[in-house]
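What follows are several structures.
Two complexes, one shared chain (chain A), two partners (chain B, chain C).
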Partner chain A sequence: MLLFLEYIFKIFIFPGVLFLSVYSFVLEFTDRKLYARMQSRVGPPWYQPLADFLKLIGKNVIIPADANRFFFSIMPFVSLAAVTAGFMYVPLFGTSAVFSFRGDLIIVLYFLAIPPLAGFLAGWYSRGVYATIGATRILTQMFAYEVPLFISLLAPALIADTWSVSEITAFYAAHPLYTLINLPCALTALIAFQCKLERAPFDSPEAETEVVSGALVEYSGRLLAFFNMAHSCELVLVVSLFAAIYLPFMTGIIWLDFLLYFVKTLFILVFLTLMRASMARVVINRVITFFWTFLSPVALGQIILNLLLRGVLHI
Partner chain B sequence: MRMIKKAITWGTVKSPWIIHFNAGACNGCDIEVLDALTPRYDLERVGILKQGSPRHADVLICTGAVTLQTRDRLIQIYDQMSHPKFVIAIGTCACTGGIFDDCYCVTGGIDSVIPVDVYIPGCAVRPESILRAVDTLIAGLQEKKGGEHHEA
Partner chain C sequence: MNDNQIVLPIGPQHPSLDEPGSFHITLEGEKVINAVIGVGYNHRGLEKACESKNYIQNLYIIERVCGICSHAHSTAYCMAVEELAGVTVPPRAEYIRVIVAELERLHSHLLWLGVACHEIGFDTMFMYSWRDREKVLDVLAAFGGNRVNYGVNTLGGVRRDLDETILELIVKTLDTLEEEIKLFIDIAMTETTLINRLKGVGKLSREDAIHYGAVGPVARAAGIAHDMRVYEPYGAYREIPVNVITDTHADVYGRTLVRMLETQESIRIIRHCLKSIPDGDITMKVPRRIPAGEVIVRVEAPRGEDVHYLRSNGTDILDRIRVRAPTEANWHGMKHMLEGGYLADVPITIAAIDPCYSCTDRAIVVRSQENTNVMDWKQLRHMSVDYYKKQGIDFAACKL
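Presenting the complex of A and B:
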């Protein structure tokens, strides 16, 4: 019974749904504020993401006559649920996640693949012209980043000799210098994550000047609120996963590690925002070319390097 | 229940997302609208974001005396927005028809087609007046008078 209550607490309050949603608001605000400061603007006040969410909750939902009602209204929640479920397997501070088993890295990667697919289905079942174009672009972009992303997340796992996120974190926390080997694939993962989050320079699925707002063009009110929330929760998940795999530095003291988690995630967010603020949108076919000709070889090279290090030097 | 309603009203006041529609304006007012969105005035300070899709937006910012060509499109855009929604008429043409009033191809002002919440006269309006209009709209919302007419 006590174990059951503990799991309920962990899933719904900390580090589960409540913490995830609150921290997603914090990260969204930090992202927008940094973006504004980089454009020498003042930027939004701290409560802005919350105000946006509450406002959208209170608005009417319009479902287009041609749209498939079931898929149209279920997709935001599918997206949000997948992100929340994936978040359970990522250790935030210390080396243990809420749930972990052998091979949960693969599970996290598949949970990370669901939000773009939900976005695609949402756009496809909206039956709008812009929504359909945005949806196809989401899927096209997925073909670009998925392979380098998988490879660059599996390369650190080779050295750690495990497929579990918690054990990878534990391994690299015990051998902090080994993280330096993974620097090239940390870079490719950062770029691939930027593409997964559909932020500039890879924001062609929701390019406002071309396809209005892509797959979500027909969404309004509550459904849009949950899609936006799923999007910022995805940002939290991505940043936490990146911190767990590429920056697994620990102090061993629990409150200090907890503070360190915020420092690490905000540090990564600065890079993601800098990329968004400093680069213009890349045309979709160039995104594919860039990912297949530059990022995939770098990530593959990392895999070969790690295999050699493991097989020949026995580290 | 009252708490939730209060929170939603607070959200509506703090985050008006706008969409900009040119109903046959000479582009003067449109440039000023874009000017208000630039870093110099930075409307994101008060939570304003420009949206591409009318479904996402709360405030329709309209310029121009409505020409017959744009009338149906204006109505369509207005219908595509979800409630609660507000309309700001920007510029003399949008308020009354301006110098194009009584022209054969012009219906004469936004309010001849859709209900308008705030009028801003001027040819062309200045970004400061657009800020003022949004402020008036927000003040009207706080007094729960949204939907009635205000002069900015």
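Presenting the complex of A and C:
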């Protein structure tokens, strides 16, 4: 019974749903504020993401007559649920996540693939012309980043000799110097994550000036609020996963590690925001060329390097 | 149209358009197969309104033809009326007109840079260029009392004189702007994502530009050195040397470079004006009744050649005014520029001519369809040569 209550607490309060949503607002605010400051704007006040969310919650939901009502209204929650479930397998501080088993890295990767798919289905079932184009672009982009992303996340796992995120973190926490080996694939993963999050310069699925807002153009009110929330939660999941795999530095003291988690995630966010602020949108067909001709070879090279090193290190 | 093609409506309401206009883009995948352009959502009846007001009142209407190149339009109108009335504008007023015109070009080009960068998803540059555009607007507001409709021009000269504080403000602003513009040019020439997005997009070759009658930066980016300030100097441009900026890219990138380098040229012209501005009156008296006659004035607006035709009938109300805003000349090549490109390039291609929809929209009533005959360019030229021969002027030897 006590174990059950503990799990309930972990899933719904900390580090589960409540923490995830609160921290998603924090990260969204930081992102927007940083972005604004980089553009020499003032930027929003700290409560802006929450205010946006609450405002949208209170608005009417309009479902287009042609849309498939079921899929249209379920997709934001599918997206949010997938992100939350994926978050359970990522250790935030210390080396243990809420849940962990052998091979949960693959599970996290699949959970990470669900939000773009949900976005695609949302756009597809909206039956609008902008939404359809946006949805197609989401899939096209997925085709571009998924392989380099998988490879660059698997490369560190090879050295750690495990498919579990928690164990990878534990391994690198024990051997911090080994993380330096993974620097090239950390870079490719960062770029692929930026693409997964559909942030500039890879934001053509939701390019405002071309397809209005892409797949989500028909969404409004509560459904849009949850889609937005799923999107910022995805950001939290992505930076947490990145921190767990590529920056697994620990002190061993729990509150200090907790603090370190914020430092690490904000540090990654600065890079993501900088990338977003400093480049023009890349055209969708160039995204594919870029990912397949630059990022995939780098990530593959890392795999080969890590396989060789594994032989050297583990003898 | 086959199953693979979809028609994407861009506009009349769309985030990438500043004003309503409709573009029906037929897409095959991401490729643009066909583009149907519809304008005319912004007809305001300006020309007709001018026919019911007197010449002074018309200044206020003409100044509002365009929200950005308001000074170019009012300059053209004033020049036309002054020409008909036979009034010579004092040199100081001519210089002030040029200073304001170049400040206007500065803010118009900076505005364009921002819009263009927004279209290609480079919002940082958008914010930067609009931040610096504000500085120009501050100068114009301090001088004319308003941000875009400065009300500086009047018939026979200008309404406001440059005083010491304004001069100081202009000098100071130009110094800071010059630095910022250097940065923008540097970014435009080195930032790869930006160059990749602009190069080879919206091609309009030199031949096509001539064929479709493109003007302004669109023509100059195709290597046509057509600038009214040099081609047919007016006002103080007769004394100020102007370098025509051209480029050979003939695409959106070329248009960007032309506009950015033109801002530097504008800064140079303003500095030259401030140094050599003569003293004296700023306005001449223009009679209320303008003698009968007709006149065509061509002025270089930031977006290109602005043509005003004016016919007077001897009263204080004009007979007919025709305003050909530069955008109208650039619309014709738009279909050609869009087709064969990609959807992602549609917004920037449209934005690259710096379209001004409401300046352009006119209603034309064709009264009788039976007696309409269509003349081609040669016949038209032949007719005009004949017409002037009767007046005693022989243009036949002029080469076009």
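Convention: the second predicted complex is superposed on the first by the 311 of 315 C-alpha atoms of A that agree within 3 Å, B and C clash if a C-alpha of one lies under 4 Å from a C-alpha of the other, contacts with A are read in each partner's own complex, and residues count from 1 in each chain.
Here is the rule we use: a residue touches a chain if its C-beta (ideal position, glycine included) is under 8 Å from a C-beta of that chain, and two chains touch if they have at least 3 such contacts.
Quick caveat, the model's predicted, so the values are computed rather than measured.
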item: Superposition-derived comparison: chain B or chain C, residues of chain A touched; value: B
item: Touched partner set for A:Gly43, first chain B, second chain C, both or neither; value: first
item: First (chain B), second (chain C), both or neither touched by A:Arg32; value: first
item: Chain B versus chain C as contact partner of A:Val239, first or second or both or neither; value: neither
item: Touched partner set for A:Ala192, first chain B, second chain C, both or neither; value: neither
item: Partner chain(s) touched by A:Ile159 [first = chain B, second = chain C, both, neither]; value: neither
item: Touched partner set for A:Ile62, first chain B, second chain C, both or neither; value: first
item: Contacts of A:Ala170 with chain B and chain C, given as first, second, both or neither; value: neither
item: Contacts of A:Ile107 with chain B and chain C, given as first, second, both or neither; value: neither
item: First (chain B), second (chain C), both or neither touched by A:Met279; value: second
item: Common ground on chain A, meaning residues reached by chain C in one complex and by chain B in the other; value: 39-41, 130, 208-209, 212
item: Residues of chain A touching chain C in the complex; value: 38-41, 129-130, 132-133, 200-201, 203-204, 207-212, 277-286
item: Chain A contact footprint on chain C (complex, rising order); value: 6-9, 14-16, 27, 30, 117-128, 131, 191, 193-194, 196-197, 342-347
item: Partner chain B, residues of chain A touching it in the complex; value: 32, 36, 39-45, 47-48, 50-62, 130, 208-209, 212-213, 216-221, 224
item: In the complex with chain A, residue positions of chain B that touch it; value: 7-12, 14-15, 17, 39, 42, 44-45, 47, 51-53, 55-56, 58, 80, 82-84
